[in-house]
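A short write-up of the structure that comes next.
Labels for the chains are A, B, C and D, by order of writing; each one numbers its residues from 1.
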Amino acid sequence: MRLKAIAGSTVIDGTGRAPIPDAVVVVEGTRIRAVTARPEAVLPPGTEIVDGSGKYVIPGLMDANVHLLLPTPDTALAYEGRYRDLIEEAAQVTLRSGVTTVFDTWGPLDPLVAARDRVNDGLVAGSRVFMAGHIIGLGGLFTPDFFATGDVFGPETVERINRKWEQGVGADLLWRTPEEIRRRVRDYIARSDIDFVKYAASGHGEYRQFIAFSAPAQKAIVEEAHRAGITAQAHSTTVESLRMEINAGADLLQHPDATGLEPIPRSTLKLIVDRQIPAAVIVNTDRQLDWVRRHGPDWMRTYVINDTRDENHRNMIKAGARMLLTTDGFSCGRAPANHPSRRAYVNCPDPLYTLGESHFLWLEAVSERGMAPMDALLAATRNVADAYGMADELGTLEPGKYADLLILDADPLADPRNYRRIAQVWKDGAAIHRDSLPTAPVLTAGDITT
Amino acid sequence: MRLKAIAGSTVIDGTGRAPIPDAVVVVEGTRIRAVTARPEAVLPPGTEIVDGSGKYVIPGLMDANVHLLLPTPDTALAYEGRYRDLIEEAAQVTLRSGVTTVFDTWGPLDPLVAARDRVNDGLVAGSRVFMAGHIIGLGGLFTPDFFATGDVFGPETVERINRKWEQGVGADLLWRTPEEIRRRVRDYIARSDIDFVKYAASGHGEYRQFIAFSAPAQKAIVEEAHRAGITAQAHSTTVESLRMEINAGADLLQHPDATGLEPIPRSTLKLIVDRQIPAAVIVNTDRQLDWVRRHGPDWMRTYVINDTRDENHRNMIKAGARMLLTTDGFSCGRAPANHPSRRAYVNCPDPLYTLGESHFLWLEAVSERGMAPMDALLAATRNVADAYGMADELGTLEPGKYADLLILDADPLADPRNYRRIAQVWKDGAAIHRDSLPTAPVLTAGDITT
Amino acid sequence: MRLKAIAGSTVIDGTGRAPIPDAVVVVEGTRIRAVTARPEAVLPPGTEIVDGSGKYVIPGLMDANVHLLLPTPDTALAYEGRYRDLIEEAAQVTLRSGVTTVFDTWGPLDPLVAARDRVNDGLVAGSRVFMAGHIIGLGGLFTPDFFATGDVFGPETVERINRKWEQGVGADLLWRTPEEIRRRVRDYIARSDIDFVKYAASGHGEYRQFIAFSAPAQKAIVEEAHRAGITAQAHSTTVESLRMEINAGADLLQHPDATGLEPIPRSTLKLIVDRQIPAAVIVNTDRQLDWVRRHGPDWMRTYVINDTRDENHRNMIKAGARMLLTTDGFSCGRAPANHPSRRAYVNCPDPLYTLGESHFLWLEAVSERGMAPMDALLAATRNVADAYGMADELGTLEPGKYADLLILDADPLADPRNYRRIAQVWKDGAAIHRDSLPTAPVLTAGDITT
Amino acid sequence: MRLKAIAGSTVIDGTGRAPIPDAVVVVEGTRIRAVTARPEAVLPPGTEIVDGSGKYVIPGLMDANVHLLLPTPDTALAYEGRYRDLIEEAAQVTLRSGVTTVFDTWGPLDPLVAARDRVNDGLVAGSRVFMAGHIIGLGGLFTPDFFATGDVFGPETVERINRKWEQGVGADLLWRTPEEIRRRVRDYIARSDIDFVKYAASGHGEYRQFIAFSAPAQKAIVEEAHRAGITAQAHSTTVESLRMEINAGADLLQHPDATGLEPIPRSTLKLIVDRQIPAAVIVNTDRQLDWVRRHGPDWMRTYVINDTRDENHRNMIKAGARMLLTTDGFSCGRAPANHPSRRAYVNCPDPLYTLGESHFLWLEAVSERGMAPMDALLAATRNVADAYGMADELGTLEPGKYADLLILDADPLADPRNYRRIAQVWKDGAAIHRDSLPTAPVLTAGDITT
């Protein structure tokens, strides 16, 4: 097999080591064979040389929380037979913008599995996808947890759509004993072919102040994930549900920074830091925060994007928490007319939660809040791979790992805005054709796209 | 061209004349060539003989008011690109059940035109379709006139769907002067290729107690229809809007029997009878009325299917009004969960408004209310053709007209339930393959069908 | 009886004549005895002299359309037994601000009659009150015409409150024949002790694009008012409902300027001007219009306070229509949370529809639109009295009329803002104690007041 | 002080001992002096003798869970200044029907305290009242926890009403740390003068599947109650929230029988029985259950009054759980139009939750489910007093206790319907004038009463 070599660039390999100037990255097939300073590079004849002079090579970015399909009610119905297409389209939007791996933490199981397999098997282009299916304990798309559709649809439609999401581990579980929850979760894992488990430590949407599962129930869910050899993460939105998921042994904390009216207590933060529990946090830029403060509806200011959250971010950075690039980004079509977040989605100067854009904002935001440039890069690469138990394959530019990388025109450690200056995106050892992504635009083509 | 002859049946030709026993109906191409008693029949050699002995031949039934597509919100979105298919499917449901011609009085213009042309040109099977497009003065599908969708969809979706229906002659017209209304209606007729005009003399849904257009505006609309050489009909729901549409010169009255709290005043009924204005009335069976009285929500009992309406039906029959078979039947998918009429659609012992079924119920209902059997047959055939200005082509079994006819196993004049005993449905001079209809089941195939 | 004389002021007597400098207004009891230039004044000994030097005396202002009680749902229930008190309080707010006579055009009959009688009989202070009770053809307070309360209250509560307003001439009338409407209106007038009739030519609220009563029904209502010796006025919101009420013979047009998407047609305006039909118009200042343009929800911009309305005002002034000071002012407690007009009521720089304030804005607004100062004064005094058939008693400072007058510190013809510079308000021949009004603050005292 | 003696009746003293035939109950002032068989009775001269021959004397009934004021939105506003009156009226309705002591477990603090003090100080008639004020952790009256009022009221009204209930320990607490919750609860107890604490172990209304407080937070609340020397009880609606409140040390379980989709697990039931934790259960008659099964909306059948609950009742009785008479009865005015429980409140053959009636049904219901007659009597008397730590004063007919008792015309142990056959109700040592209760009917007088 003919080798490729990116030669002459500065390589920031994602291990935390200092950048290597004038380096050579040697790629063999889909994997990295070597990363060395130029003088040490030994290239067989016939190696295809890519000139990297003046460029910066970093591992492909990894997003710890996306929703490749989080459709509004109209989109959910209008494209009911084409969810797989929409998911693939979204994975192409992320790939194009430098995110070579995404972790989908909530969506309809069957099309997600199908799209993941097609992308990961190389049948279609797209960011590498890993997925959780449903968030255990929440309701489906057409419930107050996500979109309350009231009486506009017939019950058959509501149930049909919800079933695509809930997969037998919906909100009904909250009524059950820990033993019964354990049985149902085990069954779900066994038949669903998911990559990791996500459960609700607290409610969602208008239920977010409540605890969803008791301590024994949370423990049972985590244990079942581990028994199946996969990681477990939890959604939390209050200080107590956060504490409970940590006690339950969650491997990854989804938005532990969302704690509503009180910042993360010191004792809880200490646990997170001491144990280096991966913390997937959604950090906003000053500009976004300022916009929300001025325009957002009350609940948003108070509970979702608010000063408590900002305080948590600063405290976590200062204390040395292990943070992960996390956008909660999604592709959904337009928000319903009076959805509380509509204004924020659509009018915000730097749109929140937009796939293909929000990871850049995240990197700028953590910089604004004082995170060291190298730490930010690790948060967007190695730490995510580590958190999901994929450090052997992904996250750094080291021999034997997948050759997923970005070639940038400027130094991302010098200015976080340089992550936007993408010259090339490589995945599986080859540069992708960014300009042709998405290959079959649907939501991104029409007037109902976000 | 080889002739066909249905020989030996009793023919009720739809002219009002007595049935002809042992008759012969001779068909040449798509048209009727002769209808005679057997002794008088002269059949060229090679004529294909269909044995009609023991059967009854009547003109194909005609329904003066259907909605081949009146989708619920979920259906409207889930099948957004396939309205033409759904319309054709509905026209096949009606054809199969003996209705050879339908008049579609409200629906999305473009797919209706496309489906009508395909059916009427013989490209696909289906009842002969004539159509009005939008009801001038009402809002589109996603408005309180039909389905109030609240905030569940984004405004772009609501507007996109409504535009498919409204076509520039929506509720906005109510704000205008008669002159401006005239201009817009003229423009709509000119560009829309519709077969007849329908306008709102009163509001619809929760607006039904109001008058929609003033007297001069109504006159202007009727005049514009006539200027274009087509008929004009009006929707009315109150005693005064009914009187106004008659004064405006409407050629056909849609549900004049719906007058809410007061029966049709004697003076108005006299006008209808004296001028023999075609009255498209939705008549219910005793069984249906009884069900509604016991189960229907209040508004339904009072305003839509109620004792006033029943009283109007009896008065009209007694006075000799010119009534037309009218079902308001539609195909829509399931009604939304709390739609006021959901219970009536779905649970009623003899479903109301169901294409393929409700015309049979209508014929039974007028019989229960005292209409003579021959009058009922004329109401379902010749009178409808007359009312729509198509008496030269349709409505009776007379030489030169389209050979649209039913062969029944039993005498419909003896018992109205015999209209259900269909041996064959002929359209355009040929028996249709009833068992293969609809040819491409969509709504009728799945669990979201009415 | 001892006489009083206001001496030395400039008197603008409301007849349209030039101001009389250094004049004397002689008051005997509750009436005016004479208005003359000082040299001509003959004052009996013992006459109480009020020094008017440097002041301006004008007739008390008259507002052609107020709602002394238009409560929000919470206010309606919290004060259910005290409506009369609230009405009297509102009449004191208006009196204090110089409006000596108000015409209440919609409210709960019994407490309105009681409060009117107490005020007009001199038992309590307050602007002279004349009243219509319910607007014939509309629904009560807890209907979509005013406040749709959904399912928050039990049906008994909704019905009980609505009955207080509807009085048997509610929206149910729209279903009836003109003959039946006539009977019911006659009965309502006979038993209600109202001062004038108001009916709905068009719908209200979300029904405003519809015509409420047919032409014969409108005629019947007007005839019944005239038969009872009182005037009839109509509410209209479209160009056609306006034309219809004029044809029906309405004595006064309520907000003919509200015509939604089209300005008043030339022919209709000509009728209004030629016949000098009193036109009660709600005119807004530039500042208000600007605010609404920038902040108002869509429907408000388009249909209620919009450019069409402004265009109508300018056209009416130019053409010489007989306009009346009309505020539609009310006292209601806070607007419900999402009521479409909440923002306008509460946040508008110069609040709309606020009793005690909005008449001043009206006078400034007509000035901005080009009405001559003397015409504005007549619109706020004599023309209102004329329109309501009370020119013999009210509206000008002429011998024999009620001595209702304002003493101003500055010339209102020089600057409309000078109407605010009230030195004294006289009613029934005596200066009222403005500082003690309202005498028993309820809504104006608490935090739920507008 | 002159003594009174009820002589000749059968006394069932509430201690569990066998009935004493031909007994004498001697009352001195407000207290019982002796209960003996007639031969043993020593009565000083002048003792007032009440002939009890043929009668049955039992302790006054005690209801472990009522809401003397749980007003619907219209009632809450219409009677805003008169809550104390309504509470006293309700306490008179209960007293009249034989319930001499009620425990109010949720309501507006200030009027409850005022009414309790007036009743308990003997200023007004009424059942002895003990009260919790607000349920810690729930929202106020106008929140989705109780009545979602949507946008019908202004926010000021909603907040004002909610403050009357929430008292600083509302749903906002759910966001807090256990330490902060402890501080706020301590403060609430210190300033509120309540008799016992009630907190939400789970959510209420549409939130009932969620856990409200974490385990440490529940412990903190219970500890604060105990520190203040009062009992703590919890509301639970799921199997896990029930288990958690037991672990937290709750002294009394409110509706532990409401466990939604799963019956109480065996291990939890064992805890309840072994520790004899007082269980306040709402038991329905067969007739009620049957009605609900046939008519109730889905959620009611499934989650509130359902077969799971019935199964729990039977299991608890069989296992020997310590059950308390508990009605959750309230006085509220009519339910809002579409409130899910409206149909059950109003149409149920034996109305649910109706003060003055539902305790009789409870006694019949436990009999139907197999509870021994004497156990039922104890559940309605001594056990309630015990559970609330008032066994020294109330609950049995023993010397030194309050002379609260019923004289019945028939034996309640023979047939539970005999509890309805009340001859006299004594409270504080005197027969009350039942016929004059309530002394000032408000809700019970008008058409808006339950």
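Rule of thumb we're sticking to: a contact is a pair of C-beta atoms (placed from the backbone, for glycine too) under 8 Å apart; a residue touches a chain by one contact, two chains touch by 3 or more.
It should be emphasised that the depicted structure is a prediction, and the values quoted were computed from it without experimental measurement.
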Please give the intersection of the contact partners of chain B with those of chain C. none
Give the label of the chain whose average Cα location is farthest from that of chain A. C
Roughly how many whole angstrom separate the Cα centroids of chain A and chain B? 55
Any idea how many Å lie between the Cα centroids of chain B and chain D? 62
Chain A and chain D have mean C-alpha positions lying a whole-number Å distance apart equal to 51
So which stretches of chain A touch two or more other chains? none
Name the touching chain pairs, would you? A-B, A-D, B-C, C-D
With touch defined as at the start, can you tell me which chain C residues reach chain B in the complex? 144, 171-172, 174-178, 180, 203, 206-207, 209-217, 238-241, 243-244, 259-262, 265
Can you name the residues of chain B that touch chain A in the complex? 72-74, 77-78, 80, 147, 149-158, 333-339, 342, 447-448
